[in-house]
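Across the two complexes that follow, chain A remains constant while its partner is chain B and subsequently chain C.
And then the complex of A and B:
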């Protein structure tokens, strides 16, 4: 290539480098701030200390962290259990009302979860279940907003599956149960696991819904971090933030490759 | 009608999840919409229909400003995201670097972190004694610290930063779907690089740009965490206002009415996205 045709590409590279700095800068700065000696958020950090990282694992932060982990795990498991049959019904059956049921299922993905949160807060209070606020309301709400992820990823798996594999198995004499057990479910498994990872992360990171239905002592980490806002930003908060970021990252690093999560992420957006 | 066992199967599959969603998503949302047009005392509805909630929201300067600021923040973050995501996506799709996959992973990784984590970084950068002020003062550019928080601009920067990966994903999808021979054809017919980009690449990837813009717009408009962290009492948006109504003032009618406005705006954006998508498929 001659010089004049390389120039646009080189300037693009420069712009892209700046965008990466913009993207990663604040996250790296947050991590650096957590090493400050004093209880102030200086950047560049002054002195060096690991005490704030220790504080991030103290009882004040460990309790909401464990609460978040428990909530996200249960929300992922329940939305997988509910999402698999829904995806099967959508991909393998025609029935009246299908598009309506599909719209209801995917609705929470599209509508602001903040509105779903206040709707749940009002509704549970109106029918006298205000005492569910906290864990049970959060679990219900998180399943509602996580379900679309598992339905869509399982549906992608089922679409990708050669349509006639199941009929081939059936024509070779497999019972419907055997087809399900040995053909369909194994082929849908990657979608199910990818859906569980998406659901876990979506639940673990949620603020907009949890904000309204959490209560003191039963609140996820994100809401606990926000609650700390009134006291200003402290190095502990930086450490807690980084810890809470590393958990989903580790999850994807460990399991992401195994289920090919990138393909699902890509198809998710490609489809809509 | 004859119901064979076969035709019952889908209903058995959907029964429990659908009942769950009806009980905890559809009915609560319907209740929210109806609460917005009902009189109530604090958190207890009294049952009389009234348009007053909406009238109050739309006539009070404070509330109206919050609604307008949400829309402004949504449009501005959408625009910034598209402006930054396009060159990045273009680079990621076209690069032949052996780090390509790593670069894509790094640009999408922020999606894994909560918006709170991504926003606190900006607080550290922008606050009075923050990284930016420290840097500007040590270079002698300023002698008084700049007051950048709370401000609407900070909210827009924070949201654009948090939502950039969504723009990258949508625009990459449309760039990947572009047939490269169309660009080669344009260039072999004598169009220069700039001309090819402006009259072939850009128009053909417009659906991705519009899709990314509308997606970011919708998410930014209803965001709570970023405006709460980088904003303040002078920069209220719909989400922070709703929290105030629901949890502090316990005025659930106004809270529901503002929630309804947010819900309807999100649905309009969705409708627009779908309509544009249909036109694209029909073309």
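And then the complex of A and C:
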């Protein structure tokens, strides 16, 4: 190989190396900081201690962590329950106002969730439901921003469904309900699960929307972390950050075995 | 039983301004294999979809064993369908695929097991029941689709271009196999294809369709040797179509003979031609001949070591009147 043909390869390797350094470096440093002996964020860590990891699971952090888990689980379930029929409607049926409904449903993908958050805050106050702030308002907001994920993943499943399988089932004597139960839903299930996982992660990681709607005692982990940052970057925070990162990772690792999540990350729907 | 397996009367379907199927009549007898043959867009698949119940006809009637079924949904029509892409259920095993129709009919478990085994045996797939469709070859998927359609003992079998996704050799094997199976079971079958070879080799009767109408219906040799229209003559095989006072003379290339000396049996018709090109096909030679008026005709000669033709040769092309077929003038324009 001559010099000129090696150059692109070398540059590519360099770029990939940079990506890894900037992606993994901060995470590894954060993880290391969490082992400091004193309540100071030295890097490399001075001394060794596990106390900050213990603190990360203390009541101060456990409460927002459980709150986030509960919120993300419900948001994922509700957006899947709403997303499946919506995806069917968008993929299979023509109805008046379809493009409008679809734009509204998928809108939060494009709209900054900050804006969605402010809008929801204003809306709830104006219609006199300000007392819903906290969990219920957060749940509404998270379902809104998670819905596009489940709609799209289910739509991908429906598009990828082999042609004629539903017709074949009908010709074999399956009633429309039996076709749905034995053919359509089982084939759409991977999309539903992938959508739920994406929705869970999206909800769990959200800070933009949650910031406006959370209230003391009812705030997700991300907002709690942000609030704690006012006191500086302590080793506890480093430990909490790592924990909050590992939960979605573990979820993907576990469910990724059953559902080809990559299929849904990289595949495009025709019109979903 | 005198009742035909299938009877279509004045069946029509329009999509907007397009008339996809235009008042066709068709009767399929018990045990008969009828092919709907035509180019894409001729209405053959639309017809099949109406028989299967996936499309509602705009007019006309569909009778299965004498019973009107236009109002019945697909799952009540009791038909065995095989699709072009096989449409196997990817999340089920081969055995589960075949069992599906029986489960939907609430057949008992032991009977399902037995009938699935029989059906897989019928298509020579015994032992593959636990595989998934994705683990099978194209030909095997095709067989599973057949077994799945046949296991429910349907009133009739509908095959929608089932061979077009297979490679050439396998396609020819499956032609023979499907035909043999159909004859053995004596099940009335409607087969949709655009492949004239499949139609000629497999069918009891062929309905040649064009622009939503049945142009001609008849046995393979009727269609090939006595085409009713210019379209049928040109669509099935290769034909020399020569305009004549009576209409159009149809001469198949294999019936057109070539003589170097100009000698020919008594009572034949002939034209002087010159050989424009010889195409070597192995067992046969295709001869492209130019008539004096500029018309190009094709002749096919057996490569039997006789006259060695080459481009530029002058010759006489002749045929026996019995070997030609005349489409009367008023039909010829269609």
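In this section, the second predicted complex is superposed on the first by the 259 of 272 C-alpha atoms of A that agree within 3 Å, B and C clash if a C-alpha of one lies under 4 Å from a C-alpha of the other, contacts with A are read in each partner's own complex, and residues count from 1 in each chain.
As a working rule, contacts are C-beta pairs under 8 Å (C-beta built on N, C-alpha and C of every residue); 3 or more make two chains touch, one makes a residue touch a chain.
Source: prediction; values computed, not measured.
Asker: Overlaying the two complexes on chain A, which is it for chain B and chain C: clash or fit?
Answerer: Once chain A is superposed (C-alpha atoms), there is room for both chain B and chain C without a clash.
Asker: Mind working out whether A:204 is in touch with chain B, chain C, both or neither, as first, second, both or neither?
Answerer: The first partner, chain B, only.
Asker: Specify the partner with more touching residues on chain A, choosing between chain B and chain C.
Answerer: Touching more residues of chain A than the other partner does is B.
Asker: Can A:173 be said to touch chain B (first), chain C (second), both, or neither?
Answerer: So A:173 only meets chain C here.
Asker: Would you check which partner chain A:122 touches, where first means chain B only, second means chain C only, and both and neither mean what they say?
Answerer: first
Asker: Draw lines from the C-alpha centre of chain A to the C-alpha centres of chain B and chain C: what angle do they form, to the nearest 10°?
Answerer: 100
Asker: Closest Cα approach between chain B and chain C after superposing, in Å?
Answerer: 13
Asker: Flag every residue of chain B that touches chain A in the complex, lowest number first.
Answerer: Checking each residue of chain B against chain A gives 7, 9-11, 13-14, 16-18, 20-22, 24-29, 31-32, 35, 43, 45, 84, 87-88, 90-91, 104-110, 112-118, 120-125, 127, 129-131, 134, 161, 164, 166, 169-170, 173, 193, 218, 221-225, 228-229, 239, 242-243, 246-247, 252, 255-256, 259, 262-263, 266-267, 270, 277.
Asker: What part of chain A is in contact with chain C in the complex they form?
Answerer: 162-165, 167-176, 178, 182-183, 186-187
Asker: Considering the complex alone, what residue numbers of chain C touch chain A?
Answerer: Those residues of chain C that touch chain A are 52-54, 73-81, 83, 85, 87-91, 100-101, 104-105, 148-149, 152.
Asker: What part of chain A is in contact with chain B in the complex they form?
Answerer: Contact set of chain A toward chain B: 5, 8, 12-13, 15-16, 19-20, 22-27, 29-30, 33, 40-44, 82-83, 85-86, 88-89, 93-95, 98, 101, 104-105, 107-108, 110-116, 118-126, 140-141, 143-144, 147, 201, 204-208, 211-212, 222, 225-226, 229, 233, 237-238, 241-242, 244-245, 248-249, 252, 262, 265-266, 269-270, 272.
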